Every structure is written in structure tokens, then in C-alpha cells.
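Below is one structure, written out as C-alpha cells, with a few remarks after it.
Letters A, B, C, D and E mark the chains in the order given here, with residues in each chain numbered from 1 onward.
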């Protein structure tokens, strides 16, 4: 049955808007009763794995917090119903657009690391800086390993701990407002990239999945090699109990509901411009993109949703 | 105010010693070896508060305690309601050792049997005068209207009517002391412990307060322990007087005994400044030799004090007074010279 | 201890009134309409502390202030160093109005010109006895060794040697008072304000402390304002005495004047309990009629007190004493009857 | 000399094994005991839900009226009444009414619980030096163990939602209440206590009649600090699913909406000030004797 | 009756415009002033860097010795010395030495700054009711405005790193110091003050000789709370790049490493307890007169 469904709304925009979207569709198209519960990613997913509450996490970045989601999936406490982002999430090293404009020769990470003077470290401007991600994220480990692999330290760079997403965002914002150089780990789709356009650098080697697993994503590995960062899975996850009780149509919806990075980026940039909440964003999306969402649901559900708009 | 207590309580203090300091147990044995206050202070850094005190205070009497500043009077009186625990010794109230009471017994004892006036007033700063005065009764669980009634009675009696709503920090020193007094009196306990209870009062109010005590005593016979520095007051109030020095009792007895037969030079000094004319009774100086020429003499009761005797003698115009005791027996005669000499003796 | 101050300061209090309460300004005009303490308390909920006080205290004298508890003595003495600001009136010290001093002047004035003994001691609880005693000197900026020297001298003098390291809460009431006394004396200021400074002391130490004051006075002539409830003490110390009631001055004058010519019944009551034998000088009762049979009389100086006169007369075996003044002139005679009558008057 | 420069610590592998073992056993524990423990807290959850329901469903003029009345009864000062109402109106005008009501209901419950727990423990601590020695380090732990750290096990045990939020807030907010109650009682003048003793006060009566009234100023500071701490935890609580003003703050952070963060932050401050002023004014009214200055 | 149930708030569009305008103007401000402001804090940063350098580069036996000596000098009690050293050894043994040193250096600086700033302000607040009325709400803001909210602007102004971390910590840790200094001074007995006045104390002398010594117990509680608050902020500070024990905690949180969080959390607690015990013992030694109980 589909009563008392709780959807976790994480506190970044894309997850927030997706949670609101699911809520609207489940309520209006599938006659569920839905409430949104918002919290930080990790507590929310932990709660799902350990306590079976809330029911649905619409957008779970498996690689950012591999321990929590990975274990839940492994132990059968969580079920992945499908990819939330059809083309996966992008992670990598980014630099601001204006740097690229000024130095069109910088295309790969290797190029960027030749210019420590362009990316001054905050506490020691004689060195360059690579801003690392939040503590404990998968991407942070990878960045650390890539830093080693590229020999960035020898190239005059230091790896800056930003601590949290907020710290990382702050450092980007500061660099932009001062039109300074910035080089570091980031991911997409995010609201920040809508506001502060950045360019993802290419890698100087192709992807090697085994090597990636052996070393690039393992913090204790001493000898990482350069390895391309391919897109990550962003899944919709539900608890096993919910998967069992929810019934076919709902699970089918959650399985097919998937959008591309491009759509999300457009939506996020609209939301940022309007400082909109997730609810506003979901409404805006539903009103303007019927062609997309109508493929996710059965025609009768689509009609009901249409009517509710 | 009618008293709820009909019985009076005798207090007996036996072999009481008190040592202040970090480690009193260590010092107690030294006491028995006869070390004095000075050595204990200088060599052992402890203060000898009291040393082997033995006093029996009969029920229904006023026992005055006097002594030099720092001689242990306050410490002694605080032992009676066990605000201080003794290092050795017993305090028997009506035969029960206060020091062996359980918490609960002690509380009941303090509530119903004793009331205390503190040398430094001990008022509750956050309660106004009336609320301070009812404090003891409140603890006894007396109904509120009777609390207020009793408190107002005594506040009136100590001259604080109109100040019920004031807080202690708005009162003068003497007024604060009188609040403490009213609080203790309102408590209506059979044992009254008064630590320099009148020291901040002017002579008029002081005499008035003394009269309150004496009147009380006539009606209800409380056992009162009274510390004072004023020998005249001691003699006026005290059925018995004990004098302390350096934590030891130097002399005990009635006022007359102490004034007339001081035990040592210290006490001589102590009584030197007393107004003998108001204190010494003619019985103590009567000259039994001359069995009296009845016509040329006035008759005076043996308990008359010198001053009154002189007045009587002078106004009678006679040369000589005859001292008679309660039963009318003539004890002897006194001349003006003898009376005058007794008044100025020291 | 040598005094740094050679000059003495006269104090003059003019038209001083003080009202305590929420809104004293509102009450001041009512005073002029002659409302008394009682009305102001009951109808206006303000306390009349002092009302139109005028006292001149000559430099180098001891001015005693007496009065009922709550009559405004402490309030008055606190005006002299402006711990209390007056509602109206002036306090002139050596011609300067204390109430008009700037903060800085006031501080200097308090530091160097006055020292105070508080009725409730006012010791600093976190400082030991020695540190309490040097406090005034410390503020004056005296070098440390001289501070300690002076403090030790006075502590010794008040009988607290050996207690320098103790904290106030380890002392008896009287000992605390003596610390306050030592602190004020060590300060060596030309004006001493003493609010019931001896009230917690036993008679022996008290007499000793009185002697200290009198000795001081012989040497250095401070101006001392002394509040006491003890008329004997007042008469012994006071060059002049002022008696207050309900915030008003009822009588001012020398001790003899007050004892012998009380202004009203209130003061009669007040002096009733005085030990006349120790106070009244024979000059005041001499009988000028009988210009003396020189052979059968002892000669006594006019300033002899009654008690001493009786002793002298009795021990001489004579019938009659001749009173002579300082220059040897005979003022008159006195018989034992007359002396005895004077001693027991009223 | 290696050991001199680098601390000779436990071998990395052993450390890792230790961590894993503890982690696993704790996980097993939560799985076995999570449900009964959650049951235990059910009444608390209902209370929270109820409080929130009331605050959300009462029409706003009623709530403003109620706040005004409470402010008046507690303080008897119109400035405080006007200030409280104005703050609430402003909050509502800037469209934060609903979140504010959620936060108020949560914080009210947390503060009350903290006070109700804190004062008795503080009293116990003041009465016995032994208790003080035992409790004091526990308080240190409660205040400095990062809430994030104990949120992990709490979330594993209780899931996300109001109850774990309340626990986090109370754990953090109660120590100043306890500490300052203890301090206040310990500072009460010994002479006054002795007088109370002499008249036969039981220790309970001494507490009620003497110690608590005289410790009031310090206890009131404790209440102030408890309110402050509780409100400082609003954002953390919202990380584990407590609704209210913390959520827009988090959103603002994640999206770099500076002004949105400030507005919602100021709403939290506004609540803090309302709570604080009302409680302090009430405390002051309880201490009439301090108004009467000497001199 | 719609307005009765739903608060008639500002129009959404207007609100949005307001927010955007403020956001933009703040952004312009940082652009214009970021650098000079950063320059301003440069000495502070150097101090922090230096403190950290010392703690990290001194060999651990030297540090342990130094801590032991400080503990002894301050407290004169061997229990405290042994306790402090044992805590540090345990921390080192569990391989948290380096992070701990970073955190200690940071917190030491923050606590000292808070005390140095807090006590004078507290004194000023105690001396004038006007000052109290003005400062008190500011303290409320400092304590309850979620640090997350001002972290964004601070990071935009000053970048990530030690200085913004220090600001966040001090802003949060200083209010209890100020409040309790104020309270302590206000509670000093009027009679004692009057005696000090009567001997001609200047207000400075009154402060030094009377008010501060007698306010000591309360001020020491203020220092305790300041230390607690500072350490409670360690994790938040690490969110903007301050190194130390906060980082492993964050890592633990993001991966639900229960034990790792607990270990590092307990190391923070350990530091808190060392700091606190040493400072409290020192404070107690300053108040000999309170040891002497009556009776």
C-alpha cells in the first residue's frame, strides 16, 4: 500500500526538487499520502538502512558516501530502483570559466598543474592550491590519490582541506567574487555551477576500472596512477520494506523516473535565479516539461497529475 | 502569646572541647596533655575553640555566658543546637545527648525546642521583615494566620511596627537585630539561645528588651542561654553566670558571687567596671555585730541593692539601716559609710 | 606610629536631610511642612533617615553620637565620607563641602583624610587579617614594608597577634570588629569615623580600646566621630555628645551637660542608667555655702568623680571634703551624704 | 630517536580492527534494541508532535495574543510585550511564520525539559562534592563531544526525526543549567544557611526557602544559557530531520543564499531574545529584595 | 478570514527581490573589501600558524613534559598532572597525536582570546546598566545566530582556513565569559564594596582588589563554559578547513564510522577536560578563603 510514504529531501537543490517532484506525482498520480522529511544525507540514509525510515531517497550519490549506501545495498536493507540521473553524475577537477577564457591552453589537469601561480593557495600564495572535497566523501579520497598520481606537490601545489561542502562552496564563491584562480574537486549537477560557471578539466589518461578500484578509490593505497574519472551512479533508493509494501505501479514509476544532467542544470539555474524552493522547482518542471514526465507514468496517472497542476 | 510548651529543659554540658582547623583529631590528645590555646595556635596552627567545658544550666533559668572576645562563647552556644559539632564531649538537653541525635531528631529538636538569636543577625536577605519573623513558625507548620499574628505581636513589641514590608538591607543594624529577636521570640521555644542579642541596641530599647525576657521568664520559664558583654545586663538577667577565657570556664556562679568573690585577677578586672550600686545587695555586706537600735534605723529588705539603700537611708534622715530578711529576721545594720564604701570598692 | 598628618579637621554639618525610598525628591518639600518620620513612613512609604541636622564638630575633638536604634546615626556618619548622598544639606570638612567634591577629590579625601570602622565590620572576606589591615595603606600607596609594620603594630595592639593569616570567617565577632579597628587605625587619617566600633567587644578589651583612642587623642588630635550605645563610654570618650531621635538632633553638649541637664524626658530616660559615680564630677555638685573648716576636710580637685571622692573621703576618715579648682581656689565643701545623694540621684 | 619525534602509536591494522569490531557490535546492538528503545521514547515524540500541532494550527493572531499575555504575566513590563509581539510580526511578515512555529514548539519543549532535568541535578551536585566530581566530567563530555558524533549512534538507534533531535538539543543545552544551578547554590552565604539550620529547616526546606531564592540570579543565567544553547542547536537538529528554521538555513548554505540564511538565522535569534527576555524578567520579578539598593 | 489562519506575509516576489538585492550587494562588498579585511587579520593568522608550528614540531615527550609542568604549576595537585599526561598518552597511543596538537594550538589561542576579550567586556557590562542593555542582545545574537549562517560570508571575505575558523569559535565562545563575568561582579556584596569605597578605592582598585577576587567562582565557571564552547566548535571550524580533530569527525560522520567518531570526539573531550581541570584548579588556588568552611 502507499500510505504514509516518507520521502527524504536532502539539503541540496537537485535532491530537494526531485523529492518534491516525487511527492507531487505519488500523491496526485498514485493516490499515496506522502510527507517529506528533510535532513542531512548521511543521517537520512543511515536511518533508512538501520531503522527503515524514511522510505525513499530519490537522489542518492553512491560514490560520495560509499560506506553508507554501499553497505545498505549489500546487506539488502536498501533497494536501488533505478538511476535518478540518466547520464550519471559528473565528478572531477574544475576551474572557473574565466580562467579558461584567459588561458585557453589549459584543458587537462596536467595543464593546470603547470600553473601554480594561477591558483594561489589561501594561506601561502607562493604555492598553488587544489581544493579537496568534504571530509569522508568518496570524491575526496579520489582527489587525494589523483593529487599524488599527478605529483602535484612537486609541481608546487598543496592540497587544501575544505572540510565540508559549505567550505568548498565558500572557497569557490570567494574566488569568483575576486576573480581569482581556483582549482579543485567538484561535482555536477549542482546549483553552484549554475551560478559560478566552471569547466571540468580532462584527464591525461583513459579510465582503467581495475586500477581505479585497486588504488584510486582506496585511501591507503600508496602508488596511485593517473586514471580518468568516469561518471558516477546517482540512484533512487528505497528501503526494502517499502519496496515490498509499495506495490508495482509505484515501484515502476521509481524505476523509470530519471532525468538528464542537462534538464537538471536548466532547472537548477532557474531555481537559483529565483531563489526557489524544491516545491517551486517541481511545479515549474511539471508545468513546462510534460513531454518528459509523462513518459515516467501511466497515461491515467498522467491525466490525474495534469489535472492537479 | 500563650506558650505551647509547658515543660522547661535543663541543659548540661559535659567535657566539651572543640578544635578548629584542618585536622582536629590530631590535636585532641594534645589537649589532655594540657596544651593551651596559644601553643596550639602557634605550634599546630589549630584554634582551640573550647576546652573541657562543664556547665549545668538548670531548667527555667537564664544562664549568662561572658568572656573576652574570642574566648569561645559563640562556639559554646552553637553547640547547644549543634550548629557546631564538638571534637569531644556531650551536650545533654533534658538528658538527651544532642550530638547523638539523628538528622530527623535534630531537626525536630531545633524546630520545637530551641530558638536562636545570632550575633550577626542571620536574617534571610530575600525575605522582608514579616517573612523573616514568621520563618521559625513556618517550619513548625503553624497555620499562616497564627504565624502572622505571632509575628506582628513580636514585631510590635520590639518596636518595628510599620517596617514589616521592608527588606533587611533597608534596616539599621539595631533594627536588624530586633528582627532576629522577634523571629526567635515568635518561635516560642522552651530554649532560647541568644548570642549578644542586644549588642546593637541603644540603652532604652535594650532595657525594654531585657524586660521582655524577664517578663517572659516570670510567665513561662524558658531556659535561656544569653551571651553578653555587659556585666550590668548579665547581673540583671542572669540567674547564673559563667565566665570563659581562652575556651575554658574560669568561674561559674550567681551574679552576686562573681561580683563579690571573683575567682582570680581576670575576673576582678572583669567586674571592676560594674555599677555596684545597682548590683550588690545589702545582704552581702551586712554587719551582724550591731544588733540594732530599732528607733534610729530604717528597715530594708536584704535583697535591696546599695543604690536603693542609700536613697532610702538619705531620705529617711536616719543614721543607720536595719537589714531584714524575707521572714522579717534582722540580719544586722548598715551605716551610710558602709554603704558608700561598698559602692566604691573594687 | 608617628602620624603623617599634623593638621586636624573640623566637620560641620548644615541642614542635612536624607530620605530613603523610590522618590526622595518628592518628599523633600513635605519635610519643610513639618511632616515627621511616622507620617512619611506610613503615608508616603519613604523612610526619613535624617531631618535638618546641624552639628559642628570642632577639629581634634571626639564627637559622640548616640540615639535610639534606627534614629539615623549610621546614616549621619556615612554622610561625612559621602557613602550616602544627602537629600538636602551640606557636609563641610575643613570648610570644603564633601557633597560637591569630584570623584577624584572624593577618593583622595577618603584615602588620606578619613578612616572608618563599620558597624557590620565590612571586612574583605577574601583577604586574611593582615591583608585586611593593610588595605587602607595599600590604597594610599605606602611602601609594603611600612604597610606591614603599621598593620602588625595595630594588630598587636588590638590583641590579634597570631591571627594574621586567618580569614575573617575564622574569627569571632569581636575579633572581626578588632580587625576593622586595626584597619582604620593603621590608616592614620586625621578623621576617624567609628560606627559602634566597640559594640562586640568585652569590657576589658573595650576599655583597652578606649584607652587607645584617648592616648591617640593626646598625641595627635584626630577628629573622631564615634557612635556608641554605651553612655559610660560616651562620657569617657566624648568631648561632645549629640543625641538623635527619629533623624533629628535632640540635644548636643558635653557629657556633664547632658547627664546633669537632660533636655527632655527622652534624654532623662537615656541617662538614667549611667553609672553616676564614675561620671559626675564633684565640681557640679559642690556646695559653695560652707567655705570650709580646713582642718577636718580633705582637699579634692574639682574634676574628681563622685566615686573617687567617696573613696578619698572614707579613707581620710574626715567628715567633709573641700573642692579646689586647678588654681587651688576653694570652691566649696561636700559631705558624704551629699556625695552619696549625688550618686543615687533619680 | 624515531620514537622521540613521532608518537609510537598503536599499529594501524590493529586500530582498524578495533574500530571495525566496535562498529559492528554497535550495529548489532542497534538492530537488536532499536525497536524497544524507540518505543520508550514514543511518549516524548507524541508530546513533540502535539506541541507542534498546536503551534501550527492555532491561528496566528491567537498565538501572538498568547505570547503577549505570557510576556505580560511574566514580566509586567510593556516593553517586553511590545518587543515580543513586534518580533513575531516581523518574522511572519517575512514569511517565516510556519518554520518559526515549528522551532518554537521544539525549543519550548527542549528548554522546559532541560530546566526540569537540569535544576534537580544541579541541586544534587551542589549538595555533595562527590556528586560534583562524578557529574562534572560527564557534563564536559556532553558539551564537547561533537553532537555530530553522538548523532551517528542516535540516528542508528532512533532513526531521524524529532526525538533524536530533541535528545541532541537537550544533551547540549542542559549542562549550563546544571553547572550554574550548582554554582548558585554553592555561593549562598553560609551564615544565612546556618540561620535556616538553626530553626530546624529540613534540607528540602533550606533548598526552597533559602538556597534557590538566593541562587536565583545565577540560575537565571543558567536558563539564559540553556535557551541559547538550545537555539544554537536548531540547525544541527534540522540535519536529522527536525523541521523548522534550521532547514532553510541549511538550504541557504548549500545554495549560497546569503540573505536567506541571515533572515532565518535572525528569526532564530528573535526567538532566543523573546524567550530570554521573558524568562529573565520573570526571574527578576522573583527577586524583589535585590531592587532595594543601599545608599 | 484567510488572513486569520495564514499570516499575511510579504509577497513572494518582493521577498525574492529583497533577498537577491542584499545578496548582490554583499557580494559587491566582499569584492571591494575582501583583501583589506584579510590583511587586517594577517597577524592573527601568523599567530595561529606559529602556535600550530610549535605544537607540531616539538617532540612529543617535550610537549607532555610541558603540559605536566603547566598542570603542576597551576594546580599543585598531582592527580591533575597524572590525569593530563595519561590523557595525552592515550590520545597518542590511539594515533590522534597530530590532530590533537593542531586542535590544542587552535583552542588555546581561541580560549585565551575569548578570555582576554570577555573579561573586560563583562566588567564594562557590570558597571553600567546601559551597557548591559546594549550588549546583552548582541551576545544573544552571537550565541544563537547559527554559525553556518555567518560562515558563508566569513568564508567569502576571508577564504577558508584558520582565521575564519578562529572568528567562528571566538564569536561562539566569548558570550558565556562575558555573561558570567558580569554576573559575578554584580553579585558582589554591597557592604564589602562600601568598605572598599570608604577607604578611597578608585573604581579600578575596587575591581582588582574586591570585585574580581570575589567574583572568581563565577568567572571560573565562565572560563569553563568558554572552553567547552570553543571545543564544541571544533567540528564546525573544520567545516571551513581548520585542521585538527574535527576533520576525522567529519569523515566519520560522512561514512557513519561510529568508532572513529567516538575516538576523535573523546580526544576533543580529553582536551576539554585537561584545559578545564587545570584552569579550575588554578582558579581555586586563587581563592584560599573559600576553603575554610565554617563549623
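The rule is simple: a contact is a pair of C-beta atoms (placed from the backbone, for glycine too) under 8 Å apart; a residue touches a chain by one contact, two chains touch by 3 or more.
Since we're looking at a predicted model, the values are computed, not measured.
**Student:** For the two copies chain D and chain E, what rotation in degrees overlays their C-alpha atoms? Round to the nearest 5.
**Tutor:** 180
**Student:** If every chain is reduced to the average of its C-alpha atoms, which one ends up farthest from chain B?
**Tutor:** Result for max centroid distance from chain B is chain A.
**Student:** Of the other chains, whose C-alpha centre is the longest way from the centre of chain D?
**Tutor:** With centres defined by C-alpha atoms, farthest from chain D sits C.
**Student:** Averaging only over C-alpha atoms, locate the centres of chain A and chain B and give their separation in whole Å.
**Tutor:** Distance between chain centres, rounded to whole Å: 89 Å.
**Student:** With chain centres defined as C-alpha means, what is the inter-centre distance between chain D and chain E in Å?
**Tutor:** 19
**Student:** Averaging over Cα atoms per chain, report the distance between chain B and chain C in Å.
**Tutor:** Going by mean C-alpha positions, chain B sits 27 Å from chain C.
**Student:** What whole-Å value do you get for the distance between chain B and chain E if each is reduced to the mean of its CA atoms?
**Tutor:** 58
**Student:** Got the chain A residues that touch at least 2 other chains?
**Tutor:** 46, 166, 169-170, 173, 275
**Student:** By residue number and range, which residues of chain E touch two or more other chains?
**Tutor:** 19-20, 27, 148, 151-152, 156, 190-191, 194, 246, 250, 252-253, 256-257, 294-295
**Student:** Chain B: which residues touch two or more other chains?
**Tutor:** Within chain B, residues 83, 120, 169-170 contact more than one other chain.
**Student:** Quick check on the complex: what are the chain D residues that touch chain A?
**Tutor:** Touch list, chain D to chain A: 27, 30-31, 34, 38, 151-152, 155-161, 238-241, 243, 247, 250-251, 253-257, 260.
**Student:** Note which residues of chain C are touching chain B in the complex, please.
**Tutor:** 20, 38, 41-42, 47, 66-71, 73-75, 119-120, 159, 162, 166, 170-175, 177-178, 196, 199-207, 229-232, 269-270, 273, 275, 277-278, 307-308, 310-311, 314, 336-337, 339-341, 343-344
**Student:** Looking at the complex, which residues from chain E come into contact with chain D?
**Tutor:** 4-10, 12, 15, 18-20, 22-23, 26-27, 59-61, 92-95, 97, 137, 140-141, 143-146, 148-153, 156, 172, 175-176, 179-180, 183, 186-187, 190-191, 194, 217-218, 221, 224-225, 228-229, 231-232, 234-235, 246, 249-250, 252-253, 256-266, 268-269, 272-273, 276, 293-295
**Student:** Under the definition above, what is the set of chain D residues touching chain B in their complex?
**Tutor:** For chain D paired with chain B, touching residues are 189, 191-192, 194-202, 205, 209-210, 213-214, 287-290, 292, 294.
**Student:** Within their complex, state which residues of chain A touch chain D.
**Tutor:** Touch list, chain A to chain D: 11-13, 16, 37-40, 43-44, 46-47, 50-54, 165-166, 169-170, 173, 191-192, 195, 272, 275, 277.
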